[in-house]
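After this come two complexes, each holding subunit A, first together with subunit B and then together with subunit C.
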Partner chain A sequence: MESLTTIRPELLTLSSEQFSALMPYFWVFGATVLAILAAVMRSLSPKWPVITVVLTGLVGAIVSVAGLLGKEPVALFNGMMVSDNYTHFFSLIFLISGVVTVFASIRYLDNEAMQHPEYYLLVLFSALGMMLMASSLNLIVIFIALELMSLAVYILVGYRRTDRRSNEAAVKYFVLGSGASAVLLYGAALLYGSTGSIGIRGILDFVRANPAALSPTFTLGAWLVIIGFLFKVAAVPFHMWMPDVYEGAPTPVTGFMATGLKAAAFAAFLRVFVSTGYGAGLTTAIQTHLHDILWMSAVLTMLFGNLVALTQTNLKRMLAYSSIAHTGYLLVGMIAGPHSEQGYAPLMTYLVAYAVMNLGAFVVLSILATRDDGGLNLHDFSGLSRRHPWLAFAMAVFLFSLAGIPPTAGFAAKYILFYSAVQANEILLVVISVLCSAISVYYYLRVLVYMYMRDPVGTQTRSPVSVWSAIAVAAMVAATLQIGVMPARVVYAAKKAITSI
Partner chain B sequence: MAWLDSHLLTATVFLPFVWSLAGLLIPSGTEGGKTSLKIWALLGSLLTLAISVLIYQRYIPAGPEFQLTETVAWLPVFGISYSLGMDGLSLWLIMLTTFLMPIAILGSFNAVEQRLKEYYFLLLSLETGMIGAFVATDLFLFYVFWEAMLIPMYFLIGIWGGKERIYATMKFFLYTMVGSLLMLVAIFYLAYQHKVQFGTYSMQVLDLYKLTLGGGTFSSPQSVMFLAFALAFSIKVPLFPLHTWLPDAHVQAPTAGSVILAAILLKMGGYGFMRFAFPLFPEGVAYYQLTFMVLGTIAIVYGAWVAMVQPDIKKLVAYSSVSHMGYVILGLFSLNAVAATGAYYQMLNHGISTGALFLLVGMIYERRHTREISHFGGISRVMPLFAVAFLIITLSSVALPGTNGFIGEFLILLGSWKANPVLTAIAALGVIFGAVYMLWMFQRVMFGPVTHKENEGLKDLSAREIAVLVPLIIAVFAMGIFPNFFFQKLEPSIERFLARSIPGGAAVTQVVDPVTSSVQLVMKGN
Partner chain C sequence: MNQVEPWVVLSFSSIIFMIGFTGILIRKNILVILMCIELMLNAVNLTFVTYSTLLQDMAGQMSVFFIITVAAAESAVGLALVIAMFRTLRSVSTEEIQLLRE
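Moving on, here comes the complex of A and B:
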């Protein structure tokens, strides 16, 4: 990025490639604007117009992203953003989790008597923020995208506004999240100050050109940026906000956060990492330093997440801690990435698998949740296989997948991830990881014990299952098994995506 | 048929699973529906048995190492392929699986009355997992089957088991899982070593055999990785002191679950040692040979002692498994042809006789709803046919000459004498203890006056139960009298196994001495 003082007209117009590269964003943004209008017209039947608009926007965006796959990278807005396979790969994750979240929310909101059209708008807004995060090449744009995404999610978390837990979650998330954003922003400012560039490629160029002369300001800035990202992905020791937020948020939102939000944070984290040359171009001292930070964080994250999840009796909370644990596995992929042959492809495969199985699990929870997000304790699952044989089966698939047992996506992805970590000579780390995932088997299987091996307690009624949720669950089960049996396609797609950076 | 010819193994592996999926469509609400579900499952397992006989026919012992092979690229960037193949080591274990499955299904016709559809679905998917593990020649594929197998067993114990079923099934799952995850890390390391040494990725077991890895010290790759593999397999076998999951799982599992668990899942451990741990890490084996022989001997004696004092018949049989599988470990780690053949044979024997014992215990449990030895006595007066069958199986379990058990234990002790006379002498005591606990139990259950009123009206075996037991009794005698029939197709594989498992590889030629030649007599059947 050169001087900002001169305005070059050619930068203010869009070529046709750039226009088509922006189509997914137009779809989502257009749908947002239309949905706002539709939401205002209260005289219409309350939910369907908005839902139709929102779904059209999401599906339109999915189709146009699919059309862009495999094309050459297109630089956008003076190199502040880029549309490459990496962007598309993540956009698909965000959009699909958006669709699934909408599907899961329809009945859930009816049930909570909170069927406001704004809810769907906020989902769309945060999806847009996520897409921008995956495509930005500039720390300022990353920050803006992050805020767009987070602000929408703060509101969604507090959506059950009469519920204390939901309020607490929203406030906690807002305060801590803003703090983390501030830290990230401050780090970005320091990096700009010490390198003279706010674009991540510019920062890399500076670091490459002056390997020896990195100032303490730069180090501090880098630290702060990393801390900001570790907060967003909820790695230990920056995970404190997460269990309460996950528990307090409406269940479909929790699912959206656990998948979309986490994937978005990883997308930006990874892009900054790869683009600022982790693995290549930096001095060994910095490499080792980064490696050690991530290593400690990964080990602590896995241990903490899994050990605390063992004692949880509320399923949402358990999945929150398990989500922390999965962050740990993802960090293993991050550490191994530059030193193994497949690079970050295993990490991205794992993200896909994680998104699919976790979304599925949260849709099942959304179906089973009773009024005020109750009914999600372990004993509520007693004898579920008799009341809801298909839901119980789906949940079993997701739980086996989360535990990493074949033939599910979770196993295939974990296998690839740990294998590449062994290639990177991180054997101790892999041993710790597999032992942690052995711990995790216990708490995932305990849910199965309740669902299949215990008799129902008291009089539990069958919760009604909406067609939409059923479709979402069925699709996620199919995807979990499909990726588990045939992981090759996802791995190739991930590989293509990561090499396009 | 052309498709079947070239995909015989795939067909055998997946037939039960596909069959059971179709079975899900049968409505099970009515009595008629329940019966047709049972028949459907039985037919599926019989069909699998029929196909596996084709495998037996096609296998030529003198031919290439792996036969009926199939390979399809699966995840080429990591060298993972869908590769199946079988040799003598796989052959008899496949046959054991397909032979016992119909028996286990027929045996549970009356025992299981709830959630039939899931029950038979899980049993047949379990069969797919087990056969798959026996024919996978790609380490990844093996691991997939090895782990996937846990799922049906987990539910079988957890849903249809006894009072403590949840504790038992969790323990079973977690023990196996922890063991196999460390093996997984070793698998990664091995596969990566292939890339380092040969420049390409591969997980084919034949390629991995060619790796050169350092050995001889505690921290050398061979020793460490052998330990990782051995942990997984020892838990499955199960070897003392990792056996504690077994009595729980066996006692709590439904009859068919116990039968499959004892007869086939435990063999997975022995098979794993023979297919993977030994040939891949010969120097690791040499390093730990004595340790494992000692553990095997402890298992033999300890298992027998603990079995002796059990008040519950099923628990007694469970501990007898620990003892019998101890022989397998002792035989394998003796590292000579006689003992290895004996160990393999002992696995088959144990499958037949312990499977049958669990079925018999299940039959009496269905009648009396108790398994306490003290609740019986004089049963032979009220159930003479049952007593006869029980006697035959008991004698097979105590290794009476003429029954299958004798051949296995005799060969193991003969071979291990050469490797370590002291341990062999102790292990031979185990044979005596084995006779003591089995015969003592038999005497307390069967002989004497009928001490409990409830036992007076017990019905003798029904036609279905006779149909369940007769094939097993035939197998007991067939394996005891015609071992040569089984050895024929086994020998070349055992030789290859030994050639790889002894560092230096000069294994097979050097074992010609008086002891071996006497065994050659047994093996050749003269």
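Moving on, here comes the complex of A and C:
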């Protein structure tokens, strides 16, 4: 403990590279502070000033992340955080999903008569937590980032506080989510105890140095951390919270959770996973163990998600189960990663494609949702193509993409992902995945049948489309088709990102 | 002077953690469940300080401060959510949470 008596001066200052590497975080954090001030100022109505500040913060962060792309990794805060291409890649996903969520929420909150400035603040806080999660190299920092992200989302889920479903979903999510965080943290404590380091690089060094001397404490700690992450990404058997939470949350928040939260959980999971030596340093016994468990989990996740989604009549709930199924595909990428030449790049490409198409689908749902999140059942969609030809078209693009039909992002990403799994010699896994996505075509295209081939039921009014939501939907359609036709750029970015870890 | 063996403290904290975890699974009152979450986090704190002493390393003790802070924020949010739920549900029992079932 002597090292504490001398203060290393380089830890107290920021070099200019470190400062510019921290700029995205400054943008988001500065925007939260300013937005809080704007929200409490009585003289002006809080809606537009807060939205302006929040969007400025998010867009400023996107611009500064874009400026950092391709630069050398910068270690921050004594190696507790790092700013590398991997961080930037994920930061862009989080920030863009934040912007889209804000766009989708403006009219939605007006409809719900719940236009409060806190909402946008919480989205921003959560985005900040996600960005920290993708950049942290320390299990404690990961935990703090995870909590920053989750606490904001717990509140967002319970945002419609006069609605019983929203309250129940929030409490359920809170209890299970913080339980899982505590499990993850206990795992971190055990890893710290058995390796003497809380940073994931230090843990990896320990594992590399003593591959044979891994104690039961280490194994238990690693399992607890993995269980914590599997919970956060909602893989079977830790998925039970997800459909309820997705259904109870306000629709734009559901979209944010399905994309940002899942991407953040995968970002940290992958970093810990790679760093604790999967495919690198662990003894083979643990490797096969981990492989088998992930394999089982992936198969069960895909089967469960797709089969239960078949029976759903509420679109939000259906997309929740389909999101579980997509977690399964992502786990396939995780299993294949160390053994294929593309590494984890297909997994990250899939995350981008998944984020784009899912965000788009949820923006469409937020436009169509009536008061108290009604009007999202299948029969409410009948004849949608006549009321809203453009929205129906956009929804069709997203559904085709989710089902994995060319020329959309979903197809390209799935193709690359399954191809890497074939390279990794996981033929059975690929067969199961392909069969599962064949199942999924049924429930995605059923929505299409309702939209285009059924007559409208009852008196359905045309819900007004705000210009913000329209921009968000159009951008997501463009991105879905663009990635679908030319996936190479995303794959290239993902490859560069994953090699920088 | 008698010193407490580290393994005693570690087993103690693992038992507290298990009590918290089991509590989340079996208790019906949400306030008790919140206490169980705190119990789990504090068991982790105890584990961290024990290892910190064992390894003669400061990082474990630093972590505890952060965990305490996060735990405080967590219980604030949790209690707020429980109050919001109580207003619409008039109950804090998990048995009443049944609107969102398949």
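Assorted remarks:
Keep this in mind: the second predicted complex is superposed on the first by the 493 of 501 C-alpha atoms of A that agree within 3 Å, B and C clash if a C-alpha of one lies under 4 Å from a C-alpha of the other, contacts with A are read in each partner's own complex, and residues count from 1 in each chain.
FYI, a contact is a pair of C-beta atoms (placed from the backbone, for glycine too) under 8 Å apart; a residue touches a chain by one contact, two chains touch by 3 or more.
Here the structure is a predicted model, which is why all the values come from computation and not from measurement.
Using the contact criterion defined above for the overlaid structures, shared-chain residue A:430 touches subunit B, although it does not reach subunit C. Look at A:144: by the touch rule set out above, it reaches subunit C but stays clear of subunit B.
Contacts of A:400 after superposition: subunit B is touched, whereas subunit C is not reached. In the superposition on chain A, contact is made by A:167 with subunit C only, not with subunit B.
Once chain A of one complex is fitted onto chain A of the other, the partner contacts of A:193 are limited to subunit C, with no touch recorded for subunit B. In the superposed pair of complexes, A:416 makes contact with subunit B only, with no contact to subunit C.
One of subunit B and subunit C touches more residues of subunit A, and that partner is C.
Touching subunit B in their complex are the following residues of subunit A: 341-342, 400, 405-407, 411, 415-416, 418-419, 422-423, 427, 430-431, 434-435, 437-438, 441-442, 445-446, 448-449, 452-454, 487-488, 491-492, 495.
In the complex of the two chains, the subunit C residues touching subunit A come out as 10, 17, 20-21, 24, 30, 33-34, 37, 40-41, 43-44, 47-48, 50-51, 54-60, 62-63, 66-67, 70, 73-74, 77-78, 80-82, 84-85, 87-89, 97, 99-102.
Interface residues of subunit A, counted against subunit C in their complex, comprise 1, 3-4, 140, 143-144, 147, 151, 154-155, 158, 161-165, 167-172, 174-175, 178-179, 182-183, 185-186, 188-190, 192-193, 196-198, 243-244, 247-248, 308. Within the complex formed with subunit A, the residues of subunit B that make contact are 74-78, 140, 143-144, 147-148, 150-151, 154-155, 158-159, 165-166, 169-170, 173-174, 177-178, 181-182, 184-185, 188-189, 191-192, 195.
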